[in-house]
Amino acid sequence: MRKLDLSVHVAGIPLRNPVMTASGTFGYGEEFAAYVDLEKIGAIVTKGLSLKAKAGNPMPRIVETPGGMLNAIGLQNVGIETFIREKVPFLRKIATPVIVNFFGNTVEEYAALAERLDAIPEVAGIEVNISCPNVKHGGIVFGTDPKSAYSVVKAVRETTIKPLIVKLSPNVTDIVEMACACAEADADALSLINTITGMAIDLKTRRPALANVTGGLSGPAIKPVALRMVWQVSRAVKLPIIGIGGITTATDVLEFLLAGATAVQVGTANFMSPAASQQIVEDLEKYLRDNGIKDVKELIGALRV
Amino acid sequence: MRKLDLSVHVAGIPLRNPVMTASGTFGYGEEFAAYVDLEKIGAIVTKGLSLKAKAGNPMPRIVETPGGMLNAIGLQNVGIETFIREKVPFLRKIATPVIVNFFGNTVEEYAALAERLDAIPEVAGIEVNISCPNVKHGGIVFGTDPKSAYSVVKAVRETTIKPLIVKLSPNVTDIVEMACACAEADADALSLINTITGMAIDLKTRRPALANVTGGLSGPAIKPVALRMVWQVSRAVKLPIIGIGGITTATDVLEFLLAGATAVQVGTANFMSPAASQQIVEDLEKYLRDNGIKDVKELIGALRV
Amino acid sequence: MQFKSMVVSNQEVSPGYYRIRLTAPRAILEAKPGQFAMVRVRDGVDPLLRRPFGIFDVGSFTPEYPDAPRQYYFDILYKVVGKGTSILSALHFKDYVDVLGPLGTGFTPGGTGEENILVGGGFGLAPLYFLAKELVKTTPLKVFIGGRRKEDVLCVTEFEQLGIDTYVATDDGTLGSRGLVTEVLEQHLCREGGKRVVLACGPEPMLKAVARLCENYGIRCQVSLEAAMACGVGACLGCVTKGHGHSENTPSYRCVCKEGPVFDSTELLWEEL
Amino acid sequence: MQFKSMVVSNQEVSPGYYRIRLTAPRAILEAKPGQFAMVRVRDGVDPLLRRPFGIFDVGSFTPEYPDAPRQYYFDILYKVVGKGTSILSALHFKDYVDVLGPLGTGFTPGGTGEENILVGGGFGLAPLYFLAKELVKTTPLKVFIGGRRKEDVLCVTEFEQLGIDTYVATDDGTLGSRGLVTEVLEQHLCREGGKRVVLACGPEPMLKAVARLCENYGIRCQVSLEAAMACGVGACLGCVTKGHGHSENTPSYRCVCKEGPVFDSTELLWEEL
């Protein structure tokens, strides 16, 4: 029997299979090493980095909601230099592509981060998180304004030849418009969706359940929204898409591929089971085998509408 | 012991309690009469009406999703004249305010519906569903464009003195901007949220799970998004707010009140249990009693941030 | 009605098929064959919606403790296909579920002198058995059962115990004749004459074939349909099927939960289902 | 490690408090007192996240069937407070859960010659009992237990069976002295001298009071904290608490799941918790 082909290419990065782990839900990889064979998954996307270390938001930072969870971690991270010094050596040892997620408060910060990452050979690709307020332009969120998104992606593009993925926010009227702006700025791929802004309240204390008041909704609850956006964008834009949002099983992955994603990221599911990503890869392989599908790429965009 | 006061006023409509049923989830009231004491709930909001009867979308029209469901009913309804002839006589018999939800394809259709409803004494208030494409303006959705929303609400306002509630769509970058447009057009109250656009796929058939491809996500899954939007709008706009989205328990109702809602609507929960709305009212009363709260209005906007 | 219901028993009757007995108020005895119940299999939001199941039987018994009042029940015959039914299959004696029902229309069997021909497949046998139990006292009756394999052919013993002529067909010939149940049915229809009514419940392709057959033979035919459901009471308009409409372009959607699940086959726009 | 675990037993030990025994691989014997496990109480998305519980005991037994291999287990002592714990309380022998653990740091008790003073309340007694069982063989030990009412005071018999001096205080005086456990502790601390270490687990206000007391008396103190958790392995940064930071304006957030749940009380910014 011919070997199954699970491999895909995203933004020029060759992946042994389409299942990556989502930024912020898999730490810097090593936290999960005891539970997952890191060499079995497609790629690791690391926790969002900024130029300087960031303390993050006060606690409580997470709360469970029906079929999902809200988080307001506040982008706590060790900062890019510590990452390079302390986290990259571990990641160097594994043969799985590492995609580095990052964010800034200004276009210049984004560009500076990209430039720094461009020099790190262990970085297979970069994922730009544009769901952050643009401090120079009165706090308007880069990810909800096509012009801001264009300018930040353009600036990043000019500083790096690394594969450049832009991660889109779902908190917009028109996701296609955002996707087009990023395509015009020469992104190599798009990943979507980031979390949907939500809120929870603790009736006993009459306070918001999160110290930050609002937070980002993730998990199975948002899957229908993610799938819709992936489908909309895949029909409108030529770039490869990484589907994200509520993926917990191989079936979910297959649905995202049918909707037009070339690869996916597993986020909140890592909390439900730390072995989720590997399990999904195994189940995906089993599905292909059971259904006589030789190459996972046959399924990309194969939705019959 | 003084009697508990559960009553609220919304848009000038006196309600015995803040718990209404949401449009499209409670039919025309009579479908639920065998399971709920209709005189125990705050108000009934009827299935969205159009000028002429509407056949709706092909099936399948609904699909369950994690913690929620998608629907693409396609606004099937009997049309306003049949409603007045066949549904109002039943509603006349019960002493619960009836709020009529409706929609049109053009500003003129909205105005014509409002004018017709203005003449019906049994109609305690009208709820304008602006989540519909504006056929005259290239299909842009009234509910996602502040200018279109303004024009449709203004036109309705000019034809009726009935309490006028505008129901907002969550599929926007900035819900506050939409709320402000409706306030400027002299709406009496805002209800939010309508469903979030989503999609599901049936892996076996490789087809969308809904014949319409996309549908509206409702149920507990969307509660965090609804709560966030209610909170945002309540801080920015003076109008009373009717909170909608994933409400299944009295605790949920209390959270929406704390976030700034004056009343709420129960939607998908009616499918989980047809007696949900009445149960919620009873539990709400019990909560107030157990916590020594004499008047439910004390809780409106009482979130401690 | 809506009621909390206790599991009395829950047994696998054929591989993958279970029969569950649930307590109910006395009024359950008035359920008509073809009606169904919507079951909330557990608390919480997963699964969110109730699951519809045809009523397979109703009855009563006296629990074995002193002065026990008579206890009424109904049975469901179900196949484990997904989340809801597998949760159901794991329930034990004394677990509770929430039930809404009986809902929908029932079958309208033939009048005096008419023979009732029941045709079913899989768990479609559930309402047909309930129907047969009621009809067998008064009218001539035959049952045609189809299934993929032997394991999918349910209730043969039950029907035979009622003394009803039972014809079985399986795709692979592991039980009864090999082939489709409609082939066996057609042989029967063309061999014998007389006034008769066909009452069918099973997978849609089977119903379609049965409806076509009946049309050809000019026999009245009722079918019980399935659809994804949310409310079960005609309010959400989620469960519709296509009926013959007022105009050709505008199909008239009919609620399976309220106007059905049993329809006269001529009411339906079969070519578009 | 992550493993499927079978329920061996699950009993209410005091009103609202349960003790559940779960099978585990042999390596569970290496769990340190103060470590915890994250339990997925059932399949599906409701509840979505695992629930953290301190390890109360570990051990092994031989099942009663021929040639049964030795079976290892761990116990959890839990209070029913919400959805997850009530689902847990409804589990029976032979039900399954998914377990992740042991996780986190454990207590670092005093060295030779030091007395270990354990202070706890509610289910905070769980890790303390596990700790006491290990320590009692080698070191002098005392236990102080606080609770609102008698029912909230757990494990007194267990501690006494280990032969450990046990001091109890309840808010309403229904068991032991009336008042806060820290009052009884303070009396003890000022009455007696010697080198000692306080190891505490319980509600945050209690821990705060204990930490302040120990600071006043110059006694080393370790506390086991609680926090809402998602991953349990230090990846999501959801479970943080405030530790003393590098600068005054930027608190240094510490992961309760990985750097804790046991912290030296001096590491924490108590005034901001």
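Annotations
Letters A, B, C and D mark the chains in the order given here, with residues in each chain numbered from 1 onward.
Rule of thumb we're sticking to: a residue touches a chain if its C-beta (ideal position, glycine included) is under 8 Å from a C-beta of that chain, and two chains touch if they have at least 3 such contacts.
Source: prediction; values computed, not measured.
When every chain is reduced to the mean of its CA atoms, the largest separation from subunit B belongs to D. Subunit C has its Cα centroid 47 Å from the Cα centroid of subunit A. A straight line joining the Cα centres of subunit C and subunit D is 54 Å long. The centroid of the Cα atoms in subunit B and the matching centroid in subunit C are 36 Å apart. In subunit B, the residues touching two or more other chains are 66-68, 219-221.
Residue positions of subunit C with contacts to 2 or more other chains are 45-46. Shown here, the protein chains touch in all possible pairs.
Those residues of subunit D lying in contact with subunit B across their complex are 45-46. Across the complex, subunit C is touched by residues 66-67 of subunit A.
On the subunit C side of its complex with subunit B, the touching residues are 1-2, 40, 45-50, 98, 100, 227-242, 245, 250-253, 258.
Listed in rising order, the residues of subunit A touching subunit D in the complex are 24-27, 31-32, 34-35, 47, 55-56, 58-64, 66-69, 71, 73, 76, 219-221, 248, 268, 270-275. By the touch rule above, subunit B contacts subunit A in their complex via residues 65-68, 70, 144, 171-174, 196-201, 203, 205-208, 213-214, 217, 219-225, 227-228, 231, 246, 251, 254-255, 258-259, 302-305.
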